[in-house]
Amino acid sequence: MFQFESLAAFIAMGGHGPYVWISYAVTLLTLIWLVIAPIRGRRRLLKNLSHQSRSAVTSGEERS
Amino acid sequence: MARFPEWFHRLGAPKTFYSMTGKWLPWLAGAAAILLCVGTVWGLGFAPQDAKQGNSFRIIYIHVPAAFLALAGYYVMAVAGAVGLIWKMKLAHMVLKAAAPLGAALTFVALFTGALWGKPTWGTYWVWDARITSMLVLFFLYLGVIALHYAYSSTEAASKASAVLALVGTANIPIIYKSVDWWYTLHQPATIKLTQAPSMHPDMFKPLLVMIAGFYCFYALVLLMGTRTEILHRERRTRWVADLAKTGY
Amino acid sequence: MAAVSPERSAFSAIVIRDLTLAFRHRGEIANPLIFFVMVATLIPLGVTPEARQLAEIAPGIIWVMALLATLLSTETLFLSDFRDGSLEQMALSSESLWVLVLAKILVHWLISGLPLTLLSPLLGVMLSLPAEGFLTMVASLALGTAALSLIGAIGAALTVAIPRGGLLLSLIVMPLYMPVLIFGASAVQQAVDGMAVGGALAVLGALLAFSLLISPFAAAGALRVSLHG
Amino acid sequence: MTIRPLLECSRLSFERDDWPVFAGVSFVVEEGDILQITGANGAGKTTLLRMLSTTLSPSEGRILWQGRPLSECLAEYRSDCLYLGHQPGVKTALTPRENLHWLLAVHPRHADRIDHALSQVGLFRHADSPCGSLSAGQLRRVALARLYLSEARLWILDEPFTAIDRAGVGELETLMDNHAARGGAVVVTTHQPLTLSPKQLDLEPYGRCIA
């Protein structure tokens, strides 16, 4: 069952609130960055590739 | 060469690995999200307070899983390196390149949460506790592998060199951990060790298991995503990647 | 033309070659030693000249300085051989590469670790190390610097092909040095406190044996990667 | 039984950072052969030679030494082959005699007649002066002195004539000729025209084709 009387008590966490919330915030940010990094890398790579293949087609040097 | 089940070689081909693991990603993402949300809400809101440490012990629900994965991640990196070196499987080197920054980030999380946890417990952010010090050394080991990987110009030599370093590091981790523990007991025998699970009340322990499972799913998810991006990078000259770029999938 | 292979084995040939080379550049042997003494004089200047306080930190300080001095001299272990092509000739020898690497590590210890060990009593006096600690210090440094040379060889082999690889070498090797530092420094500290030092020295010997087991092979593998790169 | 060729290379290819240097190179080296590898700069001549010397491992393809894959007879192959690369492989702080001493110990299949070899390459007068004081040509000659000592059947020479004067080139060519006549084999790259019409392998057609 819920350990805290009110939302305010939940935020304050008996005085340890800042430490707990900052830790969870930093962890969340890191996890999000870890997920975004490969997605961004992939999108950037595919964009470059489509540019290269488009420019390759226009310049006639078809790359198999 | 050692005989392997057929699927190991099929999985070894980057193209098949890419398409096969593509199907697993949504499931992994779903599982990780659910487990992490449930575990966090359970740990933060419903787990009982710790008698001595009060609510600051709730940081355990992210510190311990991150520390777990940081150490396990190093071994994943070393196994990938070994497979890459011994069976010359390019895919294994890609897994290593994806695992290194992931492991380093999780070690950073473990260190950061450990330091923040130390403040209410011991009054200072940095305590030369055995577990935290070993975590710091593990962080340096990760940085060593990443720095070595980026120092080489040719990716092939880079992956082989970092594989060798990951293997040497793995052989040394138990030694480092044991010597840091021995050093710690030498200087501060009395005080309790941080994150030693002090005969935790079952209600405290269950959310921890959920969080650990969540972190494992998350680790697998990000490792696969990173490896797949690395595959696209390494195979950018092949036809199937070019088609992929066109279809924009 | 009888295929007379010279009586000296490849191992001893490389040892003699590197020793001759070292004594042709005699100045270079002194560098780590001067560094060792000079950096030890920073402590009284930076921390405290007061003998009693110095005595408390002397074991650790001397060991850290010895570690840094060894690290300083590790970078050039394979560098000149890599640059003039003799490393490639060694790698192509029918003698396995790890044997030749072991020979080079042995010489590196003889010209850096050993002199450091023999010089350490001077630092013991300068940092007012209590008398009980001297013998254990020399023993622990003798074992420790050998292990440090072996471990450092792996880092040197990994970074030999990288321009300005010196900093990266220390970043790679430092974590692997820590167990040796922990047991080496605490052996001297225990001797100073009058406790038995057998345990710590035994572990130091074990660390030396362990690094003797993995370092030559790891370094040889790393050299082949560097040559391939 | 048919005499197996010394060296059989099939479909050798090499990629540097996923960029193919050459692909599908196959050739055979028999006893008594002198094979010249030709091709423009960057065609991969040095890469191919370093592959034959076992410094580089091919991305694809196989190398057989007397019918056996290299990975199975590495030590034996290395003791039977002599590789001279771009760098002389000589320590400048040591004298030519000392350099040859350690090189002999590292490659045991050598006759121990250092002074004879040094006089053949005209370095006997400098036998005891440090190599640092020698010219590039003389340094190259210290490395070439090993050809007079070596018992190895396969010679792999990468641009051996660089910095060598006209007389030296002539001597080296006769040396290679005698070696081939005695049943040895030489794989060489050079931009100088060779008088002794060796077999040729041009790397151009194998390069730059995308796998």
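Every chain is named by a letter (A, B, C and D) in the order it is written, and numbering of its residues begins at 1.
Convention: a residue touches a chain if its C-beta (ideal position, glycine included) is under 8 Å from a C-beta of that chain, and two chains touch if they have at least 3 such contacts.
From a predicted model like this one, the values you see are computed outputs, not experimental measurements.
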item	value
Most distant chain from chain B by Cα centroid	D
Interface with more contacting C-beta pairs, comparing A-B to B-D	A-B
Distance from chain B to chain A - Cα centre to Cα centre, in angstrom	17
Distance from the mean Cα position of chain D to that of chain B, given in whole angstrom	47
Length of the line joining the C-alpha centres of chain A and chain C, rounded to whole Å	44
Inter-centroid spacing, chain C versus chain B (mean Cα positions, whole Å)	32
Residues within chain D bordering two or more other chains	210
Residues of chain B touching at least two other chains	154, 156, 236-237
Set of chain A residues in contact with two or more other chains	63-64
Full enumeration of touching chain pairs	A-B, B-C, B-D, C-D
Contact set on chain A toward chain B in their complex	1-4, 10, 13-17, 19-20, 22-24, 26-27, 30-31, 33-35, 37-39, 41-42, 45-46, 49-50, 53, 63-64
In the complex with chain D, residue positions of chain C that touch it	1-6, 8-10, 12-14, 16-17, 20-21, 24-25, 80, 83-86, 88-96, 100, 227-228
Interfacial residue positions of chain B with respect to chain D in the complex	154-156, 234-237
Residues of chain D defined as touching chain B within the complex	16-19, 210
Residue numbers on chain C that touch chain B, as the complex places them	154, 158-159, 161-162, 165, 168, 171-172, 174-176, 178-179, 182-183, 186, 203, 207, 210, 214, 218, 221-222, 225-226, 228-229
